[in-house]
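In the two assemblies presented below, chain A is common to both, partnered first by chain B and then by chain C.
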Partner chain A sequence: MEELLAILEELHPEVDFRTCCTLVEDKIIDSFDIVSLISEIHSEFDVAIPAEEIIPENFNSAAALYRLIQRLEEED
Partner chain B sequence: MQINVLEYLEETILRVPEKIAYANETESLTFQQVFDNSRAIGTFLKKSGYTKEPVVVFMKKHPNVIAAFFGTVYAGNFYVPIDEEMPFYRIELIFQNLHPQVLICDKETQKQVKEFSYQGKVYLYDEIVQTIVEEERLSEVRKEAIDTDPIYIVFTSGSTGVPKGVVACHRSVIDYIEHLSEVLGLNEETIFGNQAPLYFDACLKELYPTIKFGATTYLIPKSFFMFPVKLVEFLNRYQINTICWVVSALTMISSLGVLNKVKPEYLKTIAFGSEVFPIKQFQIWRKVLPETTFINLYGPTEATGMSCYYKVEREFLEGEIIPIGQPFANTRVYLFNQKNCLVQQGEVGEICIAGTALTLGYYNDPERTEQVFVQNPLNISYPERIYRTGDLGRYNEKGELLFISRKDDQIKHMGHRIELGEIEANVNLLEGIFASCCIYSAKKDKIILYYVGEIEKAEMAAVLKARLPRYMVPNYIEQIEEMPLTPNGKQNRVALKQRYENRN
Partner chain C sequence: MLFTSYEFLGFLFLLFLLYYIIPKRYQWICLLCASYLFYAFSGIKYLGYIVSTTCSTYLVCYKMEKIGEEQKNYIRLNKERLTREEKKSYKIYMKKKQWNWLLFGLIFNFSILAVCKYVNFSISNINNVLQLIKSNSRLPFLSIALPLGISYYTFQMMGYAIDIYRGKYPAERNLGKLALFASFFPQLMQGPISRFDDLSKTMFSAHSFDRKRIFFGLQRILWGFFKKLVIADRILPAVTTITHNPENYQGVYVFIGMLFYALELYADFTGGIDMVIGIGEVLGVQVKENFNRPYFSKSIKEYWNRWHISLGAWFTEYIFYPVSVCQPMLKLSKFSRNHFGEAIGKRIPVYLATILVWLITGIWHGAAWNFVVWGLMNCLVLLISQELQPCYRWFHRKFHLEGKWGFRLFQVVRTVLLMSSIRMFDCYRDVSTTFRMFFSMLTKYNFMELLNGGMLKLGISAIDYGILFIGMIILIGVSFIGRSGSVREKIAKKPIIVQFLIWYGLFLAVLLFGAYGEGYDASQFIYNQF
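Let's turn to the complex of A and B:
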């Protein structure tokens, strides 16, 4: 989780990712962030997020994104 | 001869009044409705005494915005679209340049308007669209109109920190739309999926051919560009056959593996531009859609829209650049070297554009207009205006024009044109900042800010978000102890770039 928070905080140092769970609805992250996140998650966790998992529910909070990473790691 | 863009609409209305012109997921306007609504708004504005004035359109992206645009033109005014997501600070800067007297909003943006320092009139779209059309007033406007009258102003990044308002006229838009339509092979069957925001000239590609041909444009919500599977499904649901998108919107789909899962079924024409298309991503698209026509478009806002095109018909290898090709008919391109002479074959020069597609210049800004809209240096006999783009290009051995780089610190990021100097100007305004330098990493497609000063990184990000449009806020910010300098005492951008590339 800490590694993921570090990636997110580098993208948006002004956001508290520990508490925010409306990243998509409140337009805190945009399409550029999604692409950056997927590429950085790939190099940090060695997890490729498949296209069908790129949905708002998985990107709305750091926790949701972390759950996705864990799930994908297990499936691997 | 056509002298007014509204003639497109007036001819189409006779053929396909009940067809959908503009739509989003839930609402749509037929050509008849676009016609009626824009004439109602035109009547209202004229009756209220507004003509030959900038009319600010501050509304959420919706088919009604387009009726507000045309309504503005019906009254002989020019529209100035302002984005609801634009920070107040920037809107204030734009208003200082514009001195607007009249603004059209919708129910959702109405509250925001109250926070502006703007003192002029505010009208609600839903109310003024109820005005009863008065044919006489509208024909009075039309009788006086000439084709060099302005239609709109769009604001683009300025290196001093103040945005520049580019003024386009009927003539430039008609010239552009006619030639663009020919190049893209547009017709009544065209169904556009619009990506560009309505506050940029990029949306002209859909708005005007739609009324010219009686085509249809679907406005795709911005949020769909974050979730690419939904985006492709949207294209298929509405049988969209033509898209004119920024490269980053296309590469998002291909790089995330979406095309293996769901394929756009109806796309016949894909026009792309504003950035270089990485060949690897381009090949993915080409493979999935071998029958589709791919067209690279190039052009500055100052020449109304696009000035050059290239239909991709041969294979490209990784590392090659897709050319920007050749100018549209009735547009001329010159490549000038630093001595203002035409370059020799194969040499790099500044891309300069001539033709009636040139816009009128920057609004209330003769100084910056004169810097780039200049006399053709090859002509000393009569006035002939050209626009100096600041882009460097050269011709390849096939005679195709290639974009090489910029002359200055302007960059393209997510399809937006950004002056790094504008970001720095905003940082330097903050108290406790000693130095700042913005660089751009093409490899990572990131804007990077280094600064020396007392402000914390998080606060810096928050402040910049409040002052700059979203796409201009740096993607990486770092506070440093000391600004590296070159032997001449200038900020050392190369050293900063190395610092960024070498960080863990």
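Let's turn to the complex of A and C:
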């Protein structure tokens, strides 16, 4: 989780990713951020997030994104 | 059959009567018949196109769903026997089978679109190359007419097929219902590109005669008529005069033409969508909003999230994301990180996918180099503004202007001017003329001509300017009021006499100052050409 938070904070240093759970809804992260994030996650965790998983529920918070990474790791 | 024609109004009136007279369970069938009748008005021969797209999409989705069910059953029955690895490879095998069906559907339908829309553009380019290499041979142009709404219904149906492939919701088993989703007449002409899971919620259900909903729908249609007939069609002659005579209208005229076109396009396209949503409301079908006050945007990125929302969302979901996160792209990104550094590696997916999306967006808007350049200009501005994000953050930390009224106004004006100048590619006949006219704004100083009666030589009179000015004030006022909730709801809370005066006033405005007055002819909607 700490590694993921580091990636997110590098993207938007001004956001508190530990508490925020409306990242997509409140347009804090946009499509460019999501793609950069997926590329970073692939590089850091070796997990590929497919396009069908790009839904607000998976990207609204750091915790939701972390759960997605864990699920994809298990499925792999 | 134009929305602004008497035939369409008659068609709508008869449909409305029939729709609420027949038993409710047949309402969607009534809509399907009306939609096909509407389509047949554009030419019976074109029905074949929409029928093939509907049937092929139905078949593809049916097959994909059957494969999905087969997979579930097989895994359920062999749960104990199969190892984790065997289950995984079986799932991959079945997904591949689904993918083959999806690919067939995509290739089949996009090929129809490509042939109808782009074959003559390709022939024209090949002929240009032949001319360049001094060859005497030329390819003949094909006479293919564009079926009504082909871009809209193809994109809508392919979006649906991709959703089924992704398992987002079950495939529609009733061919008639899928045919209605493809052909729903209000949105055939200019969108929006609806999603099946959105539209199907209200499209196939029974609708009672709900007085409030029907009145709201009629009010929305009337507002659309006002925008289209009173504003867009009134300013059209001036835009045409300036952009069709680039040799005579340069310098400040180009600037005026650019702003006039921004107003015309907004009033035309949003007016058309108001009518679509209004007709939907009258029939009880909820069509999603396609605009969210785009001219109040503070950046180009925000503008594209608020203008033609359904098209932008389609491109993001079905092209931008799949291209930027596909395995080859992730591998390319990793390779670039290792060889060219972190900065380049992480930009690769975003940059390549953005360029591709804007190239396709440009071509979608029209089979001409103007639109390709228009798309790439939008892409360039978006990527530059993305790169300048650290500078913007530094600027705001230093000067604390963010959120201040004056600075917001500056951002809005900047976005409108930037978008309007990129849109000049829509108006002029070719790319070189557009660039020439753009630079004439900076080099030719003829502002005084405007004050010496130049404005009255553009094909519209002083009365037209007066009406346009009042129309614009109403447009801006309604946009401002709409920021804090539905304008119609607010009006509905006013005393009945105030409500009557507002709607009757709008009706009179359309009647007196619209296409029915002073010899105007309602023109084609700009976005009908897609």
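Methods note: the second predicted complex is superposed on the first by the 76 of 76 C-alpha atoms of A that agree within 3 Å, B and C clash if a C-alpha of one lies under 4 Å from a C-alpha of the other, contacts with A are read in each partner's own complex, and residues count from 1 in each chain.
In this text, contacts are C-beta pairs under 8 Å (C-beta built on N, C-alpha and C of every residue); 3 or more make two chains touch, one makes a residue touch a chain.
On a predicted model such as this, the values are computed, not experimentally measured, just so you know.
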item	value
Partner chain in contact with A:A51 - chain B first, chain C second, else both or neither	both
Touched partner set for A:S31, first chain B, second chain C, both or neither	both
Touched partner set for A:E40, first chain B, second chain C, both or neither	second
Touching both chain C and chain B, counted on chain A across the two superposed complexes	14, 27, 30-32, 34-36, 38, 49-52, 54
Touching residues (chain side chain C, partner chain A) in the complex	166-168, 301, 305, 316-317, 320-322, 324-327, 330, 333-334, 337, 345-346, 348-350, 353-354, 386, 393
Contact set on chain A toward chain B in their complex	10-14, 24, 27, 29-32, 34-36, 38, 49-52, 54-56, 59
Of all residues in chain A, those that touch chain C in their complex	14, 27, 30-32, 34-36, 38-40, 42-43, 48-52, 54
Chain B residues within the chain A interface of the complex	85, 223, 225-230, 248-249, 252, 255-258, 260-262, 414, 445-446, 457-462, 465, 470-471, 475-477
